[in-house]
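Heads up, the next two complexes both have subunit A, just with different partners, subunit B and then subunit C.
Up next, the complex of A and B:
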């Protein structure tokens, strides 16, 4: 009987991710039918590149949202990391690629520490704290760069190559994305640390009374998303080869948070999966590319994206509510039988 | 149990609290409290709500820092120890409402704070943890899966999960804070068996309870707190319920509300074939004017959901609720307009605005009296608030105090009082004395009796068997969303209710 309940639970989760998967297939079919060029290989690889960047940052954002927080500053963090890295590369063209990647991740990590401290010890709600740092870090991008962009010929070839090549044929960019998702999957489902992250989001009061270090976990997830946003900065540079202080990472938080929420992470904390986020990122990537390719005007594109996000979440909520009701009903009936 | 008492004569104290005091703002919650716990003892703490019981155990378990005084655990000073240090030394606190993580599975809940990694492998050994957890659950007589999410379990099962989390570590002191409030009798039995088993294996226990018969049954010694001070420490064998109540309240109160068992023949509310899928199945009954109708049954039988469906909070797929004087009721708005009031079980979430003042909570249902054209009249609010505060004897420091700061009993009074400025014909009340102290409980009972006498119809859901039997003129017992039977007059007995509730002759579920 108990096994039965358990399999039902995983069934619900599987079904949810399956739903996103179906939606992705529908989008592919619709876009492909309207505009066959959608399936051209250069377009598909453009989609994959933007999905990869989303996934790297989204993987981190998932854990932040699981703890009942949110990081609105990921776009700015990505921008600052890319800019600092780009400036180092410009002044020292021989700087090793791995060193540049580390610099970007450290810069992102420092932004994460700032956010984490504000939210944990500063006790500022994360939506406000990171709204502040969104502006502060964006300002820092302008200040450090003196509003001068990094041109493609100043970006090392090795960085650009990350978006096109790797030893195993798949671009580094996608490998990083895959690793980020796998890392979050591993941490959240296989480690005690991961369970603590979910515990803090599921019931903060209980977490404190069970002796879990609330502040430590909060800071940790913000550092994690910061570091990944830093890596996102590297991938952004690899893909676009230009780092413009006003453009780099601007508005990324919208896509990332949408992807995570569509992927099923509960905005009220406690639940969410890496696989869901990965699918959410793919969905957002396809949607934003597809709307452009089929010729929706940029003015309408934003509306259409927002509308589709709301529709996806609304449909999902309805389905989930129904399933949860049925699930609870099944459990109740079992109890009676027992 | 007698031999245990004797054994204690020369035992060492596991825990010693000396002159412990604690203030919240300017209010002293604990004044100079001395409390000790002998090895292998079950020491109960009783007292009215707001007496400081919970604060004392929170201090002992490290959740709340002490202001003055010392705490020694196993001979070493633990006054300012961090909560994790205290937990690692074998102290566990189990709350009335289990402190668990609803989204995580049973196993994850149990392991989440596990400190030591097994063996040399860096990876947490889930397999081993699963086996251990299964074994502990089996020992406690639990049959649910370790993989089911905790939110799908009943409160009683959740407490068992909480208990197992504590047992995963080497336990020396177990503190249980009002564990039985929402449990059915057989679940209480299972819990007590567990406590006894732990005690037999050398765990000392602090037990906080409101139901004195339970306290007397389980403890070796009883400390009585009143207004933050220790008024007595008694051996259980040398005291009784009446004495404890006298000590707790400081006055004599009549615990058995005088039951007039009289009601008119005028129907106040007629419920017919009500269905709310998954919770309420084809329920029909009538309540008469001046009648207290008790609704009994196990937790999860659909009793609270029935009240919510009647009040219009929960979607119904068929059936009708009719008030003869106001017609058919479908929405909450119609219910309130027809003078129906609901006092919910979970007052913190559904009955009160915890972060608003007492006055605001009291006038929220009376805004038609205290506002004009959408503008609040603060002077009028104060007058009405004060009137209700006095009528229900709410203990407070000021009427603008936040409801959050009140004790359970006083919160319940506010939750009830807010309806009663204006005439209420039908009162739906869910667990009127859950988490409420003896004094407030008696006052609430007296109020219910008096109101019924004045012609109010009361529909009361209660898991407290004594409350149900003593107060109700008639009892409907629910099981699995349906009415399992109806009892009135001389048919009413604890056994009869239990039989109907469980649908069987035996009541054992844990066995």
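Up next, the complex of A and C:
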């Protein structure tokens, strides 16, 4: 038994996520030591709610990056979903909230279908295809809205309440974020579909020759991130209550990809976890909030994010090399014994 | 058989140029419908001034992308170089040395990108995503939210100066761009380095075995890209006459669009300077035509995004149908023979 527990403990220590978790603890300790106000509950809840939108979209992006693709259009998709939802709410004030959420998710899903088709059947590299749709969907936001923004009094109270009211002491916004992470965790580690997604990501040729449909899985993953970006649009509306066609969700793609990469997802596909992404998002949230609370100029935030990404990928790379070495060594030792 | 009958044509438009040339022609026609002055040589030539920085960035990026790398940090490198220029000018250094320092800063930042990518063996997409944030952050820390202006008279307004006078004259930025594209053409298509560049992009490991130092080729491309960013920083400062910390924000996506539209393979190994140059003029024509027709900036971006996708997608669809027809022909022939 003792051996078993020991191996379990060392398993946790060896986990990639543990490193990020440790770093989060260190950051919390540093910020808390400099400025005790950092731990006040309203500050902590501010951090979490700022992270929620990032987490929802990042959960989907994780799976996209696992399949060796990347989706740069998430910011625009979020914007279009929020805008369409806002316009429906403005023209029909008594539309049910759940219907609005479904509309936003469907709009996001349609954007995802477009990306997925371009990448799978169109055989366009995802970075180019989604660079194109980033601009196209942003243009669609303008055309749909006719460059008129949605004002706070046009947004239904029920939507805004998602970021403030709470069933069990946690606002709905965070519950959605949590559910998105759990969903991605469940799909990726407990279902056959998840195994297929990882198989396509780690070796597309082998996966296809094993009978997996590369196109179907790619489209599915892009639809998934689109739907989650649509949900992100709802949360954006809940949090900011204003939808400006020019800057709703602009630049979100960089934050999301940063969070996913910091969370340990390999940009070349094949590995990455929902938990890592969640921790990556929290890390970015704590960092940007902590710098402000401690009194460092907010201009340092971009610098810190850049360093963090570099450090994360550098450490990942070292660990991966070490693992490969150990693996080769183990194989050689086995041969010697035989 | 037909190739024997038909005389081989001496000059053939390369396939990667067909798309951009078509776009250029259509945009010219569309623009001239909006205003009779659109096609006047002087108005065309003077409209180029705003696009030359993008063109120069795209020229340098062509080298990086042919290598199979990508540099997302170009706009941030430009901003950091402009920041150094502004800070030194504000400190009272003569403007000439400020410009030299800006170009040198670009060189160093590009070198840092390259060194991180090569020495640590990390993917350039992630590294330059990190330095995108990092360099922008450095700029923000340097400049804060202030503005540096009051540049000397003889420095400001570089784009208004004429190299060849008369009507239509040759403005300095266009002359610089023509010179730069000739130089880059000779480097890429006529020099030893260019051949090594294309080789190491198309097959890194076989290039390594045939004695090409792939890493130093890649490092040179990154340093070149950085240096050009520094040069563009000087140009953009001279054109705008002031410096703020978000100078050139989002330029990287536009520059990458120009490169990809010009037929350079995003996975490396293929590309041409002529493609980049023609696609720059195509994008310029599209923009100006849409401006003349009074169409909103976001929709302009969307049109360019759509063109980007179409230029990659249409040849794919065409080759798919040609392939299908040939297969049918072969099948019919086989049946007839049987």
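Assume the second predicted complex is superposed on the first by the 302 of 338 C-alpha atoms of A that agree within 3 Å, B and C clash if a C-alpha of one lies under 4 Å from a C-alpha of the other, contacts with A are read in each partner's own complex, and residues count from 1 in each chain.
Criterion: a contact is a pair of C-beta atoms (placed from the backbone, for glycine too) under 8 Å apart; a residue touches a chain by one contact, two chains touch by 3 or more.
Remember, predicted model here, so these are calculated numbers, not experimental data.
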Subunit B versus subunit C as contact partner of A:178, first or second or both or neither: neither
Subunit B versus subunit C as contact partner of A:325, first or second or both or neither: first
Partner chain in contact with A:214 - subunit B first, subunit C second, else both or neither: neither
Contacts of A:127 with subunit B and subunit C, given as first, second, both or neither: second
Touching partner for A:196 - first (subunit B), second (subunit C), both, neither: first
First, second, both or neither for A:270, with subunit B first and subunit C second: first
Which of subunit B and subunit C A:306 touches, first, second, both or neither: second
Touched subunit A residues, subunit B compared with subunit C: C
First, second, both or neither for A:261, with subunit B first and subunit C second: second
Footprint overlap on subunit A, comparing subunit B with subunit C: none
Of subunit A, residues touching subunit C in the complex: 70, 118, 122-125, 127-129, 131-143, 147, 245-246, 254, 257-258, 261, 267-268, 297, 299-310, 313-314, 317
Complex contact set, residues of subunit A against subunit B: 2-3, 5-6, 9, 190-192, 195-196, 198-199, 201-203, 205-213, 266, 270-271, 325, 327-329, 331-332, 335-336, 338
Residues on subunit C engaged by subunit A in the complex (per definition of touch): 70, 116, 120-123, 125-127, 129-138, 140-141, 144, 245, 253, 256-257, 260, 266-267, 296, 298-299, 301-306, 308-309, 312-313, 316
List of subunit B residues in touch with subunit A within their complex: 63, 83-84, 87-88, 93, 95, 99-104, 108-109, 111-114, 123-124, 126, 143-145, 147-149, 152, 154, 165, 277-278, 300, 480, 509
